[in-house]
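The structure is given below, and queries will be raised subsequently.
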Amino acid sequence: MAGLFVVGLALFLVARKVLVPVGFGELGHFRTGAIADNRAPKLVHAGRAACAECHSDEPDRLKSGAHRGVGCEACHGALGAHAAAETDVKPARPDTGTLCLGCHRQSVSKPAGFPQVDPKEHGDGSGSCGGCHDPHAPAEEPKAPPAEEAKKP
Amino acid sequence: MTVDRRQLLAGLGKLLVLTPAAAAAWEYLEAGRPEEAPSYRLADHWWAMVIDVEACIGCGSCVRACKTENGVPLEPYYFRTWVERYHVPNGVSEHPEVDSPNGGYDGFPERYRPGDGAKSFFVPKLCNHCAHSPCTQVCPVGATFDSPDGVVLVDKSYCLGCRYCVQACPYGCRYIDPRTNTVDKCSLCYHRITKGLTTACCETCPTDARRLGDLKDPKDPIHEFLRAHKVQVLKPQMATGSKTWYAGLDGSVR
Amino acid sequence: MHGDLTTLVQGFMYPNEVELQWSVLIVLYPYITGLVAGAFILASLERVFRVEAVKPTYRLALLTALAFLIVAPLPLQLHLGHPERSFQMYLTPHTQSAMAMFGFVYLWYLMAVLVLEIWLEYRAEIVRTAQESAGLKRQLYRAMALWSDDVSEEARRLDDRIGYVLTIVGIPSAFLLHGYVGFIFGSIKANPWWSTPLMPIVFLFSAIVSGIALVLLMYMATCVAKRIPIDMRCVDTIAKYLFYAFLIDFALEGIDLLHRMYEADESFKSLDFMVKTKLFVSQILLQVVFGGLLPITLLALTQVAKLTDGARKAIYALSGVLTLVGIFAMRWNVVIGGQLFSKSFLGYTTYKMSFAHREGLLPAILLMLLPFAILAVLVKLLPPWHEPEADPRRA
């Protein structure tokens, strides 16, 4: 009986030595390699600093308008692949008609100070915002455009 | 692989003294220690997040960016971060109306009328990276843990899929990834923040409503933010040591 | 993989809460371990407290406990996302995790308490069977006796002494096994339906209740099957224990309920609504009325009124069945009920049980039948109805 128990315990201890992952418990009760695993995934969003490395004039343009705090990939989508191979992967040009409303469509839940529009009342009917607003450097307090200007084709 | 003479000697010494342990020690030297990885030292960081509720416009950029960055399943039951819309009739109700269609991934179709006398706002949610996290406490094997730099991480290759941690999180921040049958949650974009970048959600937030901060970096603007604002954590009664602080949080938020 | 689960949600749930985490299999886990602990505690009454009246059930109770204990970890294994990794609980148990201790408590209880106690109890008979038979059967019984054939008076006395010590160690172990299962739920502060210090003790007493009811039914069933008369003194005594244990259990659950209602904390309205709607059938009807008040009343009747043997047998059988249903409902309400409401206290979901799925109803039914199959084998190998002759303990 006692012999069996000792053999079992010895087997367990040997199995434990073999099976417990390398470096378990060094930094806490976990496998140390898990930290490296969590660092391993590739970047999907490149980050605005990476964009500015090539598109070096855009940051200054952005700074001049109300979108100065908006990251490039907030509108242009994740571009880590483009940053890694800029000629192979080309981002699509966003459609301002839908993109802008993603943030600026009127809602009672949005902060009152945030510029919001009702697309039925605002705009020239073209369904596009780019005709009047420069998405990279929109005016701080957009003036209501003169009626004849807004109707321009 | 670089092994200096001291490590080599130590390795050999272990090899002589403890035969079963020796093989392990050798592999471990070979693997290299993550904290010795260049330019990032675990001991130098203590990560946290601040959220400015009054800046959130409910655009859902963070939700989309998070799912893309981290390969989160697109079904509406799996989120590392999501946005809730609160609508509090008369501004004082004990029972706010809350919704989060597809976690806010597609934004929020307007469903409330102006002038209905209610208070309405958006609240982004994510793992609170608690300093005393109830989820890591219950993990039977150490497959989810507090990293030394203050991030609650998951070891996918070690998780049993017992789901105890999902039950233990008071904030609903965990889900079981149906593709791996292991738990998943916000890693605070650990693969980004350890390379000097910010999280995907912060990178794409157009109004700076969410900001990553390193509490061990004296120059980090998070210190000024925390000083300048009245902040609160979610469910403070849970005493989880949450490191996600909300400025402008309404009492109806839970 | 599944239909649109969001249609099951009323009100608001955190998006990740829509998918239920713990299925009917996790209901079986505390149910089965409860039966084990209860059956063992009943068996130890005879051994430790020398309650002669329940002696006819002693061996049956031990074998029942073993049959269910063997099955106890299976629902957990079936539920795990990675069952092949479960051995990690033994390698790197997280000492702060209640769940990490399961493997150790289980192994201790299985090997050190139950198997050893049964072995010692049966050892003399195993040796005798080995000596009386030939061929494969002989080899089997010799192996079961661990190739020892010392059945001298002295060896038997030693067996008995160790067995007695084991039972004494076994009682706190049984308490530990099931109280600990209650702690798994009771220690989750995020979930107000679970988080109460009463949970381990409520689990323990409901375990005792269900185990006693199971052994009572098993004993009556085997008597009927073997066409031997039911020992009325034995079932009367067991029924008395069932009645008192049930009273304590019911009182504990009542205290928990009263406390929740009186305190009425932030979760109360949400939970109250849940109990009155989604859990009405399983909580109010099955657990409290038909699985609680009714068997208690019936058993109380046998304690105060003078009833015929036939009437008492019928009442015991009925109360036993109702008790088992009621305790199952209690486990269901804890495990499933604890996941039907949002931790935001703003909404509810519905549990859709699948059928022929890894975590569906079919495996649950099979897992509930499996212990009986194991018990049938055990009874064949180790017949519980022969009294060992020349038992030194009773000499």
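Here the chain labels run A, B and C in written order, and each chain numbers its own residues starting at 1.
As a convention for this text, contacts are C-beta pairs under 8 Å (C-beta built on N, C-alpha and C of every residue); 3 or more make two chains touch, one makes a residue touch a chain.
Not measured: the values here are computed from a predicted model.
Novice: If every chain is a node and each touching pair gets an edge, what shape is that graph: line, ring, star, complete or other?
Specialist: complete
Novice: Using CA atoms only, can you tell me which chain is the most central one in this structure?
Specialist: If we average C-alpha coordinates per chain, B lands closest to the whole-structure average.
Novice: For subunit A and subunit C, what's the span in angstrom between their mean Cα positions?
Specialist: The mean C-alpha positions of subunit A and subunit C differ by 52 Å.
Novice: Using mean C-alpha positions as chain centres, tell me how far subunit A is from subunit B in Å, no decimals.
Specialist: Those two chain centres are 15 Å apart.
Novice: Taking each chain's centre as its mean C-alpha position, how far apart are subunit B and subunit C in Å?
Specialist: Averaging C-alpha atoms per chain gives centres 39 Å apart.
Novice: For subunit C, what residues touch not just one other chain but two or more?
Specialist: 91-92, 94, 96, in rising order.
Novice: Going by the touch rule set out above, which residues of subunit B reach two or more other chains?
Specialist: 142-143, 158 - these are the residues of subunit B that touch more than one other chain.
Novice: For subunit A, jot down the residues that touch at least 2 other chains.
Specialist: 20, 24-25, 29 - these are the residues of subunit A that touch more than one other chain.
Novice: Which residues, counting only subunit C, touch subunit A once they are in their complex?
Specialist: Spelled out, the residues of subunit C in touch with subunit A are 87, 90-92, 94-96, 146.
Novice: Help me check something: in the complex, which residues belonging to subunit A touch subunit C?
Specialist: Going through subunit A, the ones touching subunit C are 1, 12, 15-16, 19-20, 24-25, 29.
Novice: So in the complex, the part of subunit B that touches subunit C is made up of which residues?
Specialist: Counting only subunit B, the residues touching subunit C are 76-79, 82, 84, 95-100, 102-103, 125, 134, 137-143, 158-164, 166-176, 178, 180-182, 238, 254.
Novice: Taking the complex as given, what residues does subunit B use to touch subunit A?
Specialist: 20-21, 24, 27-28, 31, 33-35, 37, 42, 54-61, 65, 68-71, 85-87, 107-108, 110, 112-114, 116, 118, 120-122, 142-148, 153-158, 187, 190-192, 194-195, 197-198, 200, 203-208
Novice: Within the complex, which stretch of subunit A touches subunit B?
Specialist: Touch list, subunit A to subunit B: 14, 17-18, 20-45, 47-49, 67, 69-71, 73-74, 77-78, 102-103, 105-111, 114.
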